[in-house]
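Presented below are the structures under discussion, each in the form of structure tokens.
Each of the next two complexes has chain A plus one more chain, namely chain B in the first and chain C in the second.
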Partner chain A sequence: MVKVENLVKNYGNFKLELSMEIADGRVTGIVGKNGAGKSTTIKSILGLIKPDGGHVTINGVEAERLSSRDKEKIGVSLSDSGFSMLLSIRDIICILKKMYPAFDEAFFTNSCKAQGLPMNKQIKEYSTGMRAKLRALIAMSHGAQLLVMDEPTAGLDVEARNDILDMIRNYLREDDKRSVLISSHISSDLEGLCDDIYLIHDGKVVLHEDTDAILDNYGVLKVSEEAYEQLDKSYILRSRKDSFGYSCFTNEKHYYAENNPGIVIENSGIDDLILMMTGGN
Partner chain B sequence: MRGLIEKDLRLTLVRKQTIAIFLLMALFMGLSMKGSFVVSYVTMLAMIIATSTISYDEYDNGMAFIFTMPFDRRTYVREKYLFNLIMAIGAWVFGILVYGILDLIRNNGAGLGEIPMLVTVVPCIYMVAAIMIPLQLYFGTEKGRLALAVLFGAIVVVVMAGSSVIKSSVNPLAAVAKALDGLPVAASILLVFAGAAILTGISYLCSVRIVEKKEF
Partner chain C sequence: MHIILNNNSMVPIYEQLMDQVKNEIISGELAEGEALPSVRALSGELRISALTVKKAYDKLEEEGFVVTVHGKGTYVAATDKSLAMEARRKTVEDDFAAAIRKAGSVGFSKEDIMEIVKIILEEY
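Showing the complex of A and B:
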């Protein structure tokens, strides 16, 4: 569905340089620290910024040349941008009806009501959580085949985050060909939702892996300095000096469990992935 | 395009109270002042309201989301020119109604003969929009206003200098001014429309170039 090939974008000293792919029916996550290049990648995919090199295609069409028909199949939720805060949901319904031929007014209205979003209030009067829910519902209101969501749960409490994640899951359940590209710095959100994860650091993809593989095979070995010296480092991706010795990040924790009886292995999640892959040696 | 017009219309209607005050002021002006000033006044106000929709789009980084919706950048620009035209014509009609009704009451419609010439109010004021739109798109709201003020200052200086040149001596400009003065009403109207069309065309091309180069 989405192919990013050798994308290059320069901003002063920062250089984004990556390739990635979002297949049909997949939920792909982008993780990384602030300023890693997540939003720049998403903006390139949406044609909001012009790459200095490489290609971004959606269903074979260059992102910058997407027609109205192509764009109708994409639902977008951006963390820092949306409809004017002066508008109400009633206004937005009238706009979306004319903007998207496939706009599902009944779904949108019912979902807004179910989420407790007031129909006649201006968006500026909404809480942060309500605005985030509205942005997500707008993206899902017209049967898009691809959802692109930049930090849809940023700054929200657990309940609001779960509501948004449930909305996305329900949306995907309706059609198994729907794809989602989602960026977030909240690892638990992605662990429970994404099929695969891209870890971006300093504008580059440092790791691409299936979420299940990360949760099943990746782990952090806690070893003393002596044990570290003797450790087979074939499957150590990163290691970091700690007060007790070394923390070693591996993608084959079962190998170390079998070959090093008694070794301390902590199951890793996406948080460890980010910490170790972007901060270790 | 229809979605964009709906958006701008909704953003305009958000300021119902301001618009109501403008319209009341127009009515008051129509009642208290003689002549057709009210027509130019409401048309100009409508133009300011219409161009300010660009500011609303830009506010809170709104452009990034707007350009993910199903239209291209050229369509966005086209809609801004169309929306300004719709607003100008709507306001002009309102102004003419106020002017016409008051003239019928006061002078038995003696001033209604002015209406054909008042048609030029729309292209004249639309030319202001044609200058404002690319400036707002290029500089953004705040700097755009400043650029507009500087531009109009420069135009006033040029016009004043030009008129003093025409008055002071015999020159080709004076001949042109004299020729324009003697033109029939229909030709004058056509000339104003042609001028507005040319300026709008140039302005549109500039705006398209500005928006197509922008990153959000």
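Showing the complex of A and C:
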């Protein structure tokens, strides 16, 4: 669906340089700290910024050359853009109808009602959660094959986040060729949704892995200093000195569980991945 | 299907899912020819990645519990349940054998082992 090849973008001292791929029917997540380059990557994929090098293609078409026809098949929800705050959902429906021939008015109105979004109120009177839901629903309202969402759950309470994630799940259920690219700071959101995860740090891909491999095989070993000396470090990706000894990040926790009876191993999630792979040594 | 997943377990999610589907097939709760939920539907319901569900379905197919008809869905295969049951019993026997070997290696006698089994059974 989407191919990013050797993308380069310079912003003063910051240099983004990465490749990634989103296959048909896949949900791909991007994680990383603030300023790691997540939004820049997303904007390059959408052709909103011009890369200094490399190629981004969507279904074989260069991102900068996408026709409006091609763009109709992409649903986008960006954190800092949207319709004017002075409009109401009724106004937005009129605009969407003109913009997207495939706009599904029944789906959109029903979903807005189901989420409790008032049709006639101006968006400026909406809460943060309501605005986020509206952005997500607009992205899904026109049968897009690709959904690109930059931080769709940022700043929301747990219930609103779940509502949005469930919307994405329902959207995926409709057609198994649909793909999603999503970035988030909230790892648990991605753990339950994404098929694979890219960890970006300082403009580069530090790690690309299937989510189930992260959850099943990655872990944090907690060992004393003496035990650390003895430890077979073949599958230790990073270690960090802690008050009790060492925290070691591994991608083969079952190997250590079998060979080191009694060793303390914590299951790790994407949060550990970010902490251990972008800090420590 | 009733699936309960434990995210804190050391057992991989796809294995937990496989085991529970297998149990339902062996117990007859999932009948032969019955359709399993689609990969996307089940992943949405359980809030796990679709790849994890697909992995579980693929392995179940490898082991002959289900068949996937391309473009249609995944169905419970015609399995010989007594064979599946036999395989289950075999794994339990293996677990017993392993425990007995372990007990032997730390010097337990046959009587000690019988005694432990008795005590555990009483509490059971």
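Assorted remarks:
Following the convention adopted for this analysis, the second predicted complex is superposed on the first by the 281 of 281 C-alpha atoms of A that agree within 3 Å, B and C clash if a C-alpha of one lies under 4 Å from a C-alpha of the other, contacts with A are read in each partner's own complex, and residues count from 1 in each chain.
Keep this in mind: contacts are C-beta pairs under 8 Å (C-beta built on N, C-alpha and C of every residue); 3 or more make two chains touch, one makes a residue touch a chain.
A quick note: this is a predicted structure, and the numbers were derived from the prediction, not measured.
Taken together in the superposed arrangement on chain A, chain B and chain C fit without clashing.
Look at A:Cys194: by the touch rule set out above, it reaches chain C but stays clear of chain B.
More residues of chain A are in touch with B than with the other of chain B and chain C. Of the two partner chains placed by the overlay, neither chain B nor chain C lies in contact with A:Glu226. In the overlay built on the shared chain, the residue A:Ile95 is in contact with chain B alone; chain C does not reach it. When both complexes are overlaid on chain A, the residue A:Lys71 reaches chain B alone and has no touch with chain C.
Within the superposed three-chain model, A:Glu159 lies out of touch with both chain B and chain C [touch as defined at top].
Using C-alpha centres, the superposed arrangement gives chain A a vertex angle toward chain B and chain C of 150 degrees, stated as a multiple of 10. Distance between chain B and chain C in the overlay is 27 Å (nearest C-alpha pair, rounded to whole angstrom). Overlap of the chain B and chain C interfaces on chain A: none, as no residue is touched by both.
Chain C makes touch with chain A in their complex at residues 7-8, 10, 12-14, 38-41, 43-44, 47-52, 55.
On the chain A side of its complex with chain B, the touching residues are 43, 46-50, 67-69, 71-72, 74, 76, 78, 80-87, 91, 94-100, 122, 148.
Within the complex formed with chain C, the residues of chain A that make contact are 25, 27, 165-166, 169-170, 172-173, 176, 192-196, 210-212, 215-217, 253-254, 257, 265, 267.
Residue ranges on chain B touching chain A, taken from their complex, read 2-7, 10-11, 14, 56-57, 59-65, 67-72, 75, 215-216.
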